[in-house]
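Working notes, structure below.
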Amino acid sequence: MLFLAQPHGQAQHNIEQYAKLGTKIVDLAADFRLRDAAFYEKWYGEKHAAPEWLSKFVYGLPELHRAEIAGASYISGVGCNATASNLALLPLVKADLIDLTSPVIIEIKVGSSEGGAEGNSGSMHSERANVIRTFSAFGHRHTAEVIQEMGVKDVSLTMTAVDLVRGVLATAHAKAKPGVATKDLWKAYRAVANENPFVRVVKEQRGIYRVPEPKILAGSNYADLGFELDESNGHIVSMCAIDNLMKGASGSAVQCMNLMMGWDETLGLEFAGLHPI
Amino acid sequence: MLFLAQPHGQAQHNIEQYAKLGTKIVDLAADFRLRDAAFYEKWYGEKHAAPEWLSKFVYGLPELHRAEIAGASYISGVGCNATASNLALLPLVKADLIDLTSPVIIEIKVGSSEGGAEGNSGSMHSERANVIRTFSAFGHRHTAEVIQEMGVKDVSLTMTAVDLVRGVLATAHAKAKPGVATKDLWKAYRAVANENPFVRVVKEQRGIYRVPEPKILAGSNYADLGFELDESNGHIVSMCAIDNLMKGASGSAVQCMNLMMGWDETLGLEFAGLHPI
Amino acid sequence: MLFLAQPHGQAQHNIEQYAKLGTKIVDLAADFRLRDAAFYEKWYGEKHAAPEWLSKFVYGLPELHRAEIAGASYISGVGCNATASNLALLPLVKADLIDLTSPVIIEIKVGSSEGGAEGNSGSMHSERANVIRTFSAFGHRHTAEVIQEMGVKDVSLTMTAVDLVRGVLATAHAKAKPGVATKDLWKAYRAVANENPFVRVVKEQRGIYRVPEPKILAGSNYADLGFELDESNGHIVSMCAIDNLMKGASGSAVQCMNLMMGWDETLGLEFAGLHPI
Amino acid sequence: MLFLAQPHGQAQHNIEQYAKLGTKIVDLAADFRLRDAAFYEKWYGEKHAAPEWLSKFVYGLPELHRAEIAGASYISGVGCNATASNLALLPLVKADLIDLTSPVIIEIKVGSSEGGAEGNSGSMHSERANVIRTFSAFGHRHTAEVIQEMGVKDVSLTMTAVDLVRGVLATAHAKAKPGVATKDLWKAYRAVANENPFVRVVKEQRGIYRVPEPKILAGSNYADLGFELDESNGHIVSMCAIDNLMKGASGSAVQCMNLMMGWDETLGLEFAGLHPI
């Protein structure tokens, strides 16, 4: 079992060599997330160095590809923002509840740990504390993973950095198909939660934590989902909260390893989250 | 000159009495923000106590009603989230650039000072620090001010609390009318900035502060506007950042006073903002 | 096994009744921390309601009373600030390295979770964020636990709230006895770490985390100790970092339970801490 | 009027050249803060490049040298931590209230803006948020300025970084001379406040802000002083809070300029501070 945790763009140049090691591979970078070479080139602005390998990889989000992952040799990692977005959309797409001819807008708020271990002038505490800083209005590369995996053509991810270290909240705005009611949404979300050990539905009437929120997920591999339907206009707000340092990439990678090895999917990922932080 | 800074719902019961004082009034609560009694009842869930007074008030956002304010006796305050939303939409609506038959989605991120001076269990530091907490998916009362002032029928405000004290960022997502190009947006935003001393356009190619961000507005009365147009699908992202303790309500109220008294509109509001905080 | 987690002052009125339940008791409040009724009265400003019970309790810090705790029926909880202070002093006192005729000054910086679950105006996020707020220059009640347990007569605890949720850093300033050298301190600190599963010495030459710091202890039961000796004047700076929601009180209580029940002392307390938060 | 705002160590190599410009100079670096070349070498670890210039400079803290500054041509800047320490000690030293044969211990908590505009791995938000990080137990270079200006021989500064951007709180622990009472301290602090436009005494019985705290000083040039005397043992705790980006260095430099030019000392420095942040 080989985990590749390199900067983006390296694995595609060495994948032949890694594969000769005769082992299963999980690549945490973005090299093999997209299935189509032209689509890759569009979003990453360069030709893929090993396009023949793209079809050999399975996109490593168990909630989308559990069965395939269990039988696969090569797994791509997943983008943290893509994961929050895909899981926010999953119940809606799976149950065919939204009108995919209308735009889907996903607003994503993220903590500073998304920025990685190397700093720059914008990541210094004095400049990064107390921010509400939109660093990508649309066009973020993780968008490609949402288009590919959810089959939505008109989707935008807007990325805003806020003042916390760990955590992502993706809020997806979509148009319900005619006739869709709150009970349909409940059914769809519950179904996804029932099939996936790390998905929970958070939708409370009272208390501080009524909707998904990363604050209670620090250190955990859970993806908390929630939703609201404005019945006056069919506007659906679907939320997904994760700890980007867990479910965002590395937690999902461990989950994939567990599936590939035939182990319990939750092995090593049982931590419930630390609260308060 | 009388400033009413009472909890919502009190001024409408005493307005006759206040008016007898024979002075100009700025009411900072929400009592007189809406022009229509039925519309008020719909959003506030109760009959208005002085509906005949609604038409006597001018909505106190100088960027929308400067001339009227200058000649008015009664001015309503403005909601901080409504202000950020209205100013994010103003250039688009004024220049007629967006398709108002499509939904307008406004995502608003806010600091803790919006919560007022009285705390609750959710406002305690240990529960309020490090949050990305969506407290209203839609239906926030400030929405009514956006509908009234911008003439948009299908608009949603989604409110998310993040970890800072002062600051609001409203991000409006709207559909451009066919043929609208980036240069049209530039023209519209510049026009609004040119006409209003506290509106600036922030749209930089490099540096940390390329788009509107409340971090650099602490203590100032500026509303910073920015925008992006996705020419592939006509998706416009329009941002407005303010310090909610200034331009959000009290700063605009002082600005109104200046206009009503015939003083320089910027009097007492020149502070440029403190950075870094 | 009964854990009493009541507000201070209640257990002393009901201890007879609780004891009749015939079980071992760990009281997490301050009712039975002090051994002497007059000393209690001095620090708590009221007569103790069950003074005859004071001698039946063992002070529940395993690093000080492991053997007694293992054989005891009644264990008091420990103050979080007292724990950080006592552990900062422990190697120095145990190895007899400091001059106890000189004042010992302990500066303690604490997070907001020390304030408990009920808020007040000072604990609201808008007033509690970005603080460096000294709420007790001296005279904090936890001081009594340091005097009692460490045998220091002239000791002051200065308490300052800073902006984080979990964590305490106690910095003790003391005078070395003549002839004490850095190697003596190393020996004393290592000895304490060797004897105690939750005590570590943190003293690095490079890297970000060279001295004890709560940031890396979130969720863990470790007490990290570090020190510096100014050989020019015999000034010792001894630091202890803990997560107050773990080792501060509840973690130590679980540790006591483990000892009382004959279980592995570290049972249920193995979490290494979450980083970064 | 020339302000030198260079990295430390440059001005001493070029001072002859700067002086030929025939103007008054304020050097914000540490090059000319110390009066004695040997003392400089001890604290800075290198010979001074222009030792004959040391005596020509006046230490630029108006609260200590107002009259000299008014008549001087060359003014050194001041260290932010030295300033908070010197002002915390000033009333005590000036009124001769503390025993200078006993050690003076100063605990200083600082925000991230002290780290300057260039970041490193420790200043990244993900590593710098939520810290209580002691980066100097003793031996910080600013100590030299406290020794020189206050005449204390046995003084230690312990530096701890906490999670805010702007602000310093210095807490000085000293031994009162026999017979010193609280009223003597009041008198000494009031005298210093009366003589200095930017010094205030903060010592309240109730409310959130009872002692000096940087939270209310953001953007202001005030130094807030407070104190407590433990009459049982003569332990004095003296606090000084400043905004390090104002009174810490640049604010004091402007204050010096005002004095040197014969202008009102408070010119351009009247901002009262922004609250809450």
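First chain written, first letter: the chains are A, B, C and D, and each begins at residue 1.
We adopt the following convention: a residue touches a chain if its C-beta (ideal position, glycine included) is under 8 Å from a C-beta of that chain, and two chains touch if they have at least 3 such contacts.
Values in this document were obtained by computation on a predicted structure and should not be read as measured data.
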Revision key, fill the gap. C-D, A-D or B-D checked against A-B; over half of contact pairs coincide for C-D
Revision key, fill the gap. Farthest chain from chain B by C-alpha centroid distance is chain C
Point to revise | Centroid distance [mean C-alpha coordinates] between chain C and chain B, Å | key: 49
Exercise for review: Give, as an integer number of Å, the spacing between the C-alpha centres of chain C and chain A.
Suggested key: 41
Point to revise | Junction residues of chain D, two or more chains touched | key: 113, 121, 126, 129-130, 163-165, 276-277
**Study point:** Complex interface listing, chain D residues touching chain B
**Key:** 113, 165-166, 218-219, 271, 274, 276-277
**Study point:** chain B to chain C touching residues, read off their complex
**Key:** 111-113, 115, 117, 119-121, 123-126, 128-130, 163-165, 277
Review point. What part of chain C is in contact with chain D in the complex they form?
Key: 103, 105, 107, 109, 121-122, 126-127, 129-134, 137-139, 154, 156, 158, 160, 162-165, 167-169, 171, 173, 175, 208, 211, 213-215, 228, 230, 233, 235, 237, 239, 241, 276-277
